[in-house]
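What follows is chain A paired twice: with chain B in the first complex and chain C in the second.
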Partner chain A sequence: MTARLKPSWQAALALLLVVIALVLGAMTQPEADAFASPAAGVAYPYLGTKSVILGLIGLAALGSMLRLRPLAEALVLFVGAHGAAWLLLAGIGGFEGTAKAPYYCALTAAWLLGWRCVAVLSSMRPAERWERLALNLVVPALFGAWLLILWEAVVRGAGIPFILLPPPSAIGARIVNSLPILGEDVRQTIFKAVLVGYVVGCAAGFVVAILADRFLFLRRGLIPIGNLVSALPIIGVAPIMVMWFGFDWQSKAAVVIIMTFFPMLVNTVAGLAASSHMERDLMRTYASSYWQTLFKLRLPAAGPFIFNALKINSTLALIGAIVAEFFGTPVVGMGFRISTEVGRMNIDMVWAEIAVAALAGSVFYGVVALLERAATFWHPSIRGG
Partner chain B sequence: MNQPASTKPATAETARQVVSAKNLGLTFQTNDGPVQALSNVDLTIGKGEFVSFIGPSGCGKTTLLRVIADLEKPTSGSISINGMSAEQAREARAYGYVFQAAALFPWRTIERNVALPLEVMGLPRAEQAQRIARTLDLVNLKGFEKKYPWQLSGGMQQRASIARALAFDADLLLMDEPFGALDEIVRDHLNEQLLDLWGRTSKTICFVTHSIPEAVYLSTRIVVMSPRPGRVTDVIESTLPRERPLDIRETPEFLAIAARVRDGLRAGHSYED
Partner chain C sequence: MDSLRSKIVPVSTILAGIVVLWYVFAVVLNAPFQRDLDRRAGETPTTMEFVVRTLAQKKPTLPAPHQVAQNFFENTFLRKVTSARSLVYHSWATLSSTLLGFTFGTILGIVIAVGIVHVTTLDKSLMPWIIASQTIPILAVAPMIIVVLAAVGITGLIPKALISTYLSFFPVAVGMVKGLRSPELMHLDLMHTYNASRAQIFWKLRVPASVPFLFASMKVAVAASLVGAIVGELPTGAVAGIGAKLLAGAYYSQTIDIWAALVAGSVVAALLVAAVGLASRIVERAMGGRPA
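Entry: the complex of A and B
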């Protein structure tokens, strides 16, 4: 019999948790109350679905142990884990804070099946290109979905106050209902302050790095000072920038310029030293001029360093612009919204801004990383060898 | 100690001198004190000669080549290339240099790597293309124009770097152990090709090597060097004809010259043992 089965520890543990949940009985306090006094109302959560939830988990766990093909196994696990999770989340609505141990047993069991599902999917080695691409999207999507499911289920099950941590469904609803406001804030903070500051700051750092390379007195004098300035708490200059450049996005762009300038300067200076002696000797034998050597050898060799700075700066710029808005801004902008909505106890709006900022930051970083792949394709870290 | 050799046949006095070094010395200042890399080197290389520099590591053969190329400055004595100072000669692009490693730029295809010196010199595109095709053909790399260096074997990379040095047709070719990393068969083939190229053009070649057979097979003159301080201990004129099939290496004449080179190397070594 055991030869026909292929047990995984996740599925085995899920089965055990289902048994424990059955033994312990009531999923929620109202259910326990209903059993204690049958005369009271019977409107308790999971009235009809408790057996369905536990049954789904149990069947999926058992099914996954059969010697199925990986895709079929993943499908069985997917249906079991997510069906159970969906029923659990749907049932707790209106009964927040009443969950008892069997609720968490069922949640953990469903999560274990989801874990097993992701594990099976990530061990698959499909031949087709589009299948690999789909897998590369599905695995992190499931992973992220489970973070949200656990967050939602624990916040609702334990009845955590809204002020402390709203459930993701409330944050999602807030995002959908506030799209125009969020759009205005993104336009103000990202498309004005962040992009302008990032472009100017990175370009200035790059140009100064080349000047420092060309003129020895700049390299000797400016780079140590630059290191000192980069150690300053940049956020501290935000109020000063507001005084200098006014309340609108220009003062935020100035903070972003200061934040992004030095990473670019330091990385480009390091990158310009990255070419080997032999390569520079080679250019010397061609009587190559300073600028020819710079453009044909040293800048291409510095590419990986420069892109490193661009990636670091993409996240720094977002942080700088949002925090700078805490110090005075017109009534629009992501940082402004976060600081005012937190005062009004609209925590879901704060989380909505955070989610949008995270999304924008990821897209920003991803675009820079894609450019890097295209530009420094030759580097061992990208061509893989 | 052997007299520093400046042996030049009387007939070559009239020929144009490509390289002329007088009492050349180079001392590196290191943390362990000064190191004499070259001392009292007197050497004249005439147009069209093929001169090999052979000796144990640390004998200064690569340093001498780098002084000729103006990649190192001598600390004493003088050197002139085509009647100019080494720096002027470098700026006039008087020589092509082949390094021990290929030093191809990984972001350029083979074809664009060969084009590098031509771009620096500002040649028109059409002429670049023609020279790339010719030199890649010469080193048997036809069909690999669009590959990147890291897609090729080490031997192919070094052949591409030789093509790059040949591309701009300098009269002087400086080669620093260019075939050291190649397998025997490719090495034989490239030695033959190099002799063929040297025979058809009037190029002057300075060639640093570890290998006695390679030095004897290729050279019209073999400069034997010895370390601490780096100096020339013997200069051997080859009596072999200019036409040299590979099997010349089995003739008694060839073996006699090889034996003389080996004796010269041994004499240099006896100082330290």
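Entry: the complex of A and C
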């Protein structure tokens, strides 16, 4: 019999937690009250679903120990973990802040099953390309989903004050309800300040890097300064820029230009040195001019470095624009919204703005990464050599 | 002699160029306000007098380098370090939370990297989120973290240090993952032939191999945590720190103060990076490394 079983510590621990939850009894305070005085007829959560939740976790844990094929095992775990989590979250509605130890036991057990599920999935070695791709998407997605589930369950189970940390569901509702305001902020901050500053800053860094490459003296002088400046807290120029260029988006774009200039300069100069002597000698034997060598050999070879700078700059640009708005803006913009809504204790709006900013940052980064794949397809790190 | 020709001369030439440009811009940018002042006073100064006056305004649009230097010198060396106007006092406030956050961040980054290298599940599920976590403009969230933590009763160093931690763990985690994976297959195989355990491979091969990566990423991390500390000071109501000094300067249009605070921040940044570089050199020498 033992040979047919394949125990995992996550499943075993989940089973143990289910037993502990059963022994401890009441999931929430109202349930304990109802048992203490059966005649009073106190309403309590998990009236019928408690046995379902614990049963689901127990069955999934036991099922995962059978010698199933990995995909089937992952499926069993997935259904068990997420079904239980969904029932837990659905049941606590209206009874926030009353959770007792068994609630957290069940939650932890479900999370352990989710972990086991991810572990099984990430140990799979599928042959097909699209299957690998799907796995690489599903595994982090499950991890992120559990982050949200735990956040929601703990915040609502323990009744953490809304001001401190709103549950993700409230933030989601806030995003949906205030789409026009968020859209207006994104237009002001991202489409005006960030994009203009990013394009100008990166272009300026690139041009100066070419100049520094052409003139050795300039390169020797600029690179140490550039390296030093990239370590400095450049964000501090924000108040000065606001004084010079006014409250509107131009001052934010100026901050973004300064922040993105030096990473681009330093990386491009490093990239232009990336082609090997052999290749440059070959270009010489072709009698190619400086500019021909630059465009046909050295700039393409510098591609990975330039895209690295573009990626670094994509997050820097967002940070620069938002922080610069703290020093004064018209009454629109993501930084403005964050700082005023914090003052008004509308924390869910702040989180909504953060979620939008994170989404915008990820999309920005993703677009640059896709461009990189298209432009430097020849590089070993992308060929997957 | 060689370093003089290839480094010092070009760098100082460029720096001198920047200073000259700075003076030119200072005159140009301050000129409109000075012209206004002169007209009201009914004076018609000569060009030379006019230029000198543009460089000596009390609240200039762009302060001249010597004004900034003078302010910096006064507030650094001539004041008592306990005075609220002393830049040393403000720099220390920023530096202490930077160092605390940097320490936390480095430890967290190393722990995450060790986990990622040894547990496949973490490698697959955590790595994409670590990268995604850095696309969140955390600096934008800094004020909220400070205000919310203050509402719970946590004030002072810790909230600022938390922001520094968040900014500094990422470079360390990414660099250490690279570093712990840097031993070649050949070396790992050698350890296998010695029948080394996982712990022995970790301590005797992976950790020494990761040291250069650790210091390279710590240099980035220390600069990032300084930025985190400065931004973390913005919403504390201008109590102490370089960020508070910047904010106060912005409120009262004390441009010279802002620039002096920026210089102070830059000095702190340079000192921090230099300290990490020094530590890296000492450790490398202790481990038997030779200068390349």
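Throughout what follows, the second predicted complex is superposed on the first by the 361 of 385 C-alpha atoms of A that agree within 3 Å, B and C clash if a C-alpha of one lies under 4 Å from a C-alpha of the other, contacts with A are read in each partner's own complex, and residues count from 1 in each chain.
One rule holds in what follows: a residue touches a chain if its C-beta (ideal position, glycine included) is under 8 Å from a C-beta of that chain, and two chains touch if they have at least 3 such contacts.
Everything numeric in this text was worked out from a predicted model, so none of it was measured.
On the superposed chain A, the positions of chain B and chain C stay apart, so the two partners fit side by side.
In the overlay built on the shared chain, the residue A:Ile225 is in contact with chain C alone; chain B does not reach it.
In the overlay built on the shared chain, the residue A:Ser288 is in contact with chain B alone; chain C does not reach it. Contacts of A:Met278 after superposition: chain B is touched, whereas chain C is not reached. Greater residue coverage of chain A by touch, when chain B is weighed against chain C, goes to C. With chain A as the common frame, chain A serves as the apex of an angle whose CA-centre rays point to chain B and chain C; its value is 70 degrees, to a multiple of 10.
Of the two partner chains placed by the overlay, only chain C lies in contact with A:Gly144; chain B stays clear of it.
In the superposed pair of complexes, A:Gly361 makes contact with chain C only, with no contact to chain B. When both complexes are overlaid on chain A, the residue A:Arg187 reaches neither chain B nor chain C. Here chain B and chain C sit at a least CA-CA distance of 12 Å once the structures share a frame through chain A. Counting contacts by the rule stated earlier, no residue of chain A appears in both its interface with chain B and its interface with chain C.
Looking at the complex, you find that chain A touches chain B at residues 276, 278-279, 281-288, 292, 296-297, 300, 303, 376-379, 383, 385. Taken in their complex, chain B has these residues touching chain A: 69-71, 90-93, 95-97, 99, 101, 103, 105-107, 116-117, 119-121, 148, 150. Contact residues of chain A toward chain C in the complex are 115, 118-119, 121-123, 136, 139-140, 142-144, 147, 163-165, 217-218, 220-222, 224-225, 228, 230-233, 235-237, 239-240, 242-244, 314-315, 318-319, 322-323, 326-328, 334-335, 338-339, 342-343, 347, 350, 354, 357-358, 361-362, 364-365.
Taken together, the chain C residues at the contact with chain A in this complex read 6-7, 10-11, 13-15, 29, 61-62, 120-121, 123-129, 132, 134-141, 143-144, 147-148, 151-152, 219, 223, 226-227, 230-231, 234-235, 242-243, 246-247, 249-250, 253, 255, 258-259, 261-262, 265-266, 269-270, 273.
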